[in-house]
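This structure is in structure tokens; I'll ask about it shortly.
Every chain is named by a letter (A, B, C, D, E and F) in the order it is written, and numbering of its residues begins at 1.
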């Protein structure tokens, strides 16, 4: 399922112990990624933009990794997202996200 | 020019008094919005996502307004962006952005 | 229902046009506020702390208003929350939240 | 003293070199945690909510650790705090905080 | 006293009802603004930078106003601070702060 | 050049592959650090304040390191900046930045 790529270990462990929370998280994922008009790829690019603009390394890495591995999004496309991050959020967020993108690409070679 | 729609009064007044800053801001706009692969519309959707996720009312309103007026982006498309905001940034950012979207649409009728 | 007090106009309007999002928002509210151990009041105090620490005036006002009106939470209790905001988030967030608290109390007299 | 559990190495080293800052930090701690009405435990839960909502790993870990070790706060109680984080701050903050909670619990077994 | 210019109505009203909090806020102000080396003006410029970088309109306005009125800091100096805001925090924070600066200057003419 | 000290590996690698972005980043750096009135050192102190107030460890470390190595800014001066961070942004940002400052100083002995 679309949202699955997003789950970390913490979320997966919810299933047994907090089933109501696990179900909610699943519902959030399926409702959110099933946009009426925009396709999954465009929504994914938006998610990369949001996490990168917050200079949140863990979430940015997760989003970039699943974008490349699951959706085949290219480096150039992600750099286009980071252009918007540079404008709206400044150099530290841009520079950190660029470094994350490069390190994700290196581990995939 | 693409970036122009983004300029508030503060930026426009830079031109006379701080020409170096005005030129930099123009350069930032043209370089950022000229992505290699993604089109202007997709980058605009990303910018909406970023400003909306910060619950920044002024910038969100600006981005949504120019998205609708200049690029003809539809309400459904923006709601698809806000789905990602709900997931990544929570209810207050989602709810506030939804309210901004509705109020922008009302003033355009 | 518990979550209802939280809904702004934007959320209520979702019901007709985006029923999947409206249902998700309802599910989020009911799952979140039904903690296993902590009562609704304690969770509400936490929500005030989070929105106040972000100096988010709209969400802070909403949380404080419903805390006082629906749950009968006292001024002293909310000031105790704002003590933690002062420590963790600094003076501007504390000072702004205090002002919001005072203005909510004034409109209720 | 209540606040002591919160001090990192940086703060402790203030004592010799910047005594005015050390005294201020001590005053902040004692004034903040001595709420008029709310007990220390409730204020602690609020502090966890605030740091978790910012996806600030270092401060979240500190707060969760001292909550469990000093105040005997349970996993279920902290998950109830994180429910509010999920609603107000979105999935990445929730998921990261959950992971921190799990890793703190593992090191205590 | 140095810190006084910073107090909003919310803080001033603490004095009667929450004297422990009022005293703490006074202590924070006097300890913080009495740096060992940097003068008050430089610290003030730093405070403008921090509040402006958060696109926090209320606190930015307060800092800019007291910087101009109490310390005679010039428009050019504040624009130099905003240059750093543009680099570290992006266009929306820069543009909003510029607008605040201009509107503060207009009301002083 | 002034801005150079700021570049991480991610930025330097832009030069070959995304020359338009590399040129923009260079332009941003030279325009920003060439304030009309404030000297480079004061602007650097402001940049430390902004990144420290966000509790952004990577950017704070970078700014503090180049401040000490390139500009000979003293520990006491940086602690004066962190005083403003404590007031405007709270204890976790202050405490984390203090720890970063101490660890940078240790590696330089």
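What we mean here is this: a residue touches a chain if its C-beta (ideal position, glycine included) is under 8 Å from a C-beta of that chain, and two chains touch if they have at least 3 such contacts.
Worth saying up front: this structure is predicted, and the values here are computed from it rather than measured.
Counting steps between touching chains, the shortest path from chain D to chain E takes 1.
Interface comparison, B-D versus C-D: the higher number of contacting C-beta pairs is recorded for C-D. The distance from the centre of chain B to the centre of chain C, each centre being the mean of the chain's C-alpha atoms, comes to 27 Å.
Chain E and chain F have centres, each the mean of its CA atoms, that are 20 Å apart.
Shared interface positions of chain E, i.e. residues touching 2 or more other chains, are given as 18, 21, 24, 28, 31-32, 36, 51, 54, 59, 79, 83, 86-89, 91-92. Touching chain C in their complex are the following residues of chain F: 86-93.
Residues 55, 79, 83, 86, 91-92, 95-96, 98-99, 101-102 of chain F are the ones that touch chain D when the two sit in their complex.
By the touch criterion given at the top, residues 20-21, 23-24, 27-28, 31-32, 34, 36 of chain A touch chain C in their complex.
Those residues of chain D lying in contact with chain C across their complex are 28-29, 31-33, 35-38, 42-43, 45-47, 49-51, 53-54, 59, 74, 76-77, 79-81, 83-89.
Across the complex, chain E meets chain C through its residues 6-11, 13-14, 18, 21, 24-25, 28, 51, 54, 56, 58-59.
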